[in-house]
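Take a look at the structures below.
Each of the next two complexes has chain A plus one other chain: chain B in the first, chain C in the second.
After this line comes the complex of A and B, so read on.
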């Protein structure tokens, strides 16, 4: 019965749903995980890299994280070709704003503009929606560090930490437990990102080749967007594993220690 | 070969139809002369705009506030239509735009910019800083310049940036050239007052001293300019906002 309302994007089903939009979000649920964490002094974006073929030429440093403007970068999950079109549009929107107003576009305005475009594809034109969810990290003078997420329906929201793509629900629940609001600095955020990725990615051990990490910080009145190199990622993974081992050891001690006391 | 024509005197007419500056010096007696094409143009066209305006806009920037003064006469050929005209428009709480130029264009352009700036505020919940508003204005003016509908307006935009508390004053002319300035005066009145400001201006004046400076400028205009501009409206823009000051009524005597 619902099938009859599937083929066109621009009509509601009897239950009041837009099926094409929901199917687009389904498509994103199968894509590589991306997560973003807001720290006190910066923002972290982590992404799972799916194309790890040895034969791939590494022309771009990152195939999921894009720089949009001097103060903004984004990470995409979903159909890569759709993502290319959208990031192109994001860059054009940012420059058009600077052309008109002489200042960098504030983060929320950029997200809002793109989401208006995404929404248009759910209402008219007869074209399918974009199968891309985007995580934006940026800095502006008005609200400082910001993290936003947008999805194919054209909705967007600001987050302190969030995840999109494969196993995103699991990752978000881990973040809810582990993320400490306004107590996390950039380094802790990086380690937290690795922790969440290791728990949600379907592999036993974290591999630097399969991860992309990027940070955004403000130094000396300039924004620095840095895609972390493979060597540094390896260092971070080592540190993360060390911490995990220490935490494990501490837990063992506690258990054995409490066992001893109960003996008495 | 140019012929000497008796009725030609003023040297800076810009013919809007031929889009040329139409003044030459006659080769035999070196009096300024309008070429024949422009004479024909002036006989047939309805408007004929001079680069230099009979209206006067003055803006001066100090450390803590900006003073803007505009004359209050609205002129239509030889008649004073209105002597309490307001040539300044508040674009936001801390930014004022003074406009002069072709009648109609001034109001149209000023209101268009003002409403767009208000729209930005409504959409985003915060105001455009003055430098960005000036950039936007200049961009609009430049886009229209190279189209079929150029605006013939000269502007002074003065205000205080609410985030940095710095005062700003921008000159913008009808060719969409925009520069930050410490003080400027548009129009023929400017020719008489810029030198006064050159001599007397210091950036750390207080409000009373600044007002006296403006009074000196207006007195100079009253003394030396053929057109009578009896009253000037004065506004002060500080980080608290825009305030009206008493009108300056020219007290100078003829030279």
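After this line comes the complex of A and C, so read on.
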């Protein structure tokens, strides 16, 4: 039975699968949603905040979005303690590079280094993989704005828009339809992120307390990574709802204008 | 206990602990207790390297001599090499150490190109990396006996830097090693006082003049040399240049009493 091949990461199953890695990805499928969108002039990361207990002391501005380096930030989905270990390592990798070369690490190189560590945990050592998927947003002189996603298998790829965590498949299909390559600017990307979040999160109305939004832009040869404040998120939600209402109204007009609405 | 060929280490009482009759390396210490000693002097060595930034690029020059003490042993040693399109490196000091670090750097560049996930090494990154390497080696009492000049471009700005065997590193608009520091750098500074931004031809003339003076005055210098010109377009290295014809030894005829 498949059960016999589950427990160790370091062995294949007869069908050629690594069960532990797949189970790790399962764990992430239950975690809070994170999505990232690449715009012409910046990058947006949006995350669902699950710890909304009133008693929580707000030591951290954000519990899913972390700044790694001057030009890179990431958003995690999965086991939080695993994520802490990995974000710490990401920061250390970035600083080690800057110590050696006196300049910031290229985004892809940082992602690749961490993914090599993640992959090691799927091949040897006998330890379980990290139950974390990470979305990275960054800027460098090589490729400009970049968005990467890595998962417990140690695989990574560059994306124009993607989603991890709960209902990520649904979110990705919405993004596929709605995202316009090279026609999206930062503001449109923010609104698109809100749109996708509202459709995939199991809440009827978007709540600023339940969302974390962060942007990365380049201004005057300096990268600005900004976690958007609750007030600004509220403004964006208002704008998003307004646009939705307008779109609904336009659709109603079109239906009634065509004169075939009574076919039902 | 006195069985021949069998020592106490074949029957470990505890792993990693002190063994009677042997030196014990305390944990956390560097390898300084092994009693091994590293070579602390150069054998075949190269003399000065001179570099300057001009309007439109950076220029580096070094002569082609490998001296074995006072013997002018190898007269076509290439001490200057192109690292990437944005950086060139020249070293004075031990030639073996230079060749070693050159191999390491060339492999590093190859790895970067093959990996495809990082950017081409530029002069600033090379300078920083070399500083860390040389400083760490000296901190282990195993130095690479070199004085290096890194020339090239860093983020569209011309870059010229110096690193030496003890890890001293700095950037400047004119840099030299060895005797060059005493002869060439003042010459370049004097020329710059008259004209801040030198053109390519002026820079080349100045550099050749510096090497000529060094050939006259430095006993370990030679008239064959290499010159590298780094511009935003790339690195050009001129090999097998010869300044013998430009030198004037007429004064030798007037010297008597030293036969």
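Rule of thumb we're sticking to: the second predicted complex is superposed on the first by the 259 of 264 C-alpha atoms of A that agree within 3 Å, B and C clash if a C-alpha of one lies under 4 Å from a C-alpha of the other, contacts with A are read in each partner's own complex, and residues count from 1 in each chain.
In this section, contacts are C-beta pairs under 8 Å (C-beta built on N, C-alpha and C of every residue); 3 or more make two chains touch, one makes a residue touch a chain.
From a predicted model like this one, the values you see are computed outputs, not experimental measurements.
Q: Taking chain A as the common reference for superposition, should the pair chain B and chain C be classed as clashing or as fitting?
A: Aligned on chain A, chain B and chain C clash with each other.
Q: Does chain B (first) or chain C (second) touch A:16, or do both, or does neither?
A: Neither partner.
Q: Which partner does A:101 reach: the first (chain B), the second (chain C), both, or neither?
A: In the superposition, A:101 touches chain B and chain C alike.
Q: First (chain B), second (chain C), both or neither: which does A:141 touch?
A: A:141 sits against chain B and chain C alike.
Q: Looking at the overlay, does A:126 come into contact with chain B only (first), chain C only (second), both, or neither?
A: neither
Q: Just which bits of chain A does chain B share with chain C as contact spots?
A: Of chain A, residues 99-103, 106, 108-109, 141-142 contact chain B in one complex and chain C in the other.
Q: Would you pull the chain A residues touching chain C in the complex into a rising list?
A: Contacts found on chain A: 99-103, 106, 108-109, 112, 140-142.
Q: What part of chain B is in contact with chain A in the complex they form?
A: Chain B reaches chain A through residues 124, 126, 128-129, 131-136, 139, 163.
Q: Can you list the residues on chain A that touch chain B in the complex?
A: Counting only chain A, the residues touching chain B are 99-103, 106, 108-109, 141-142.
Q: Report the residues of chain C in contact with chain A in the complex, numbered from low to high.
A: 117-119, 122, 124-125, 127-129, 132, 155
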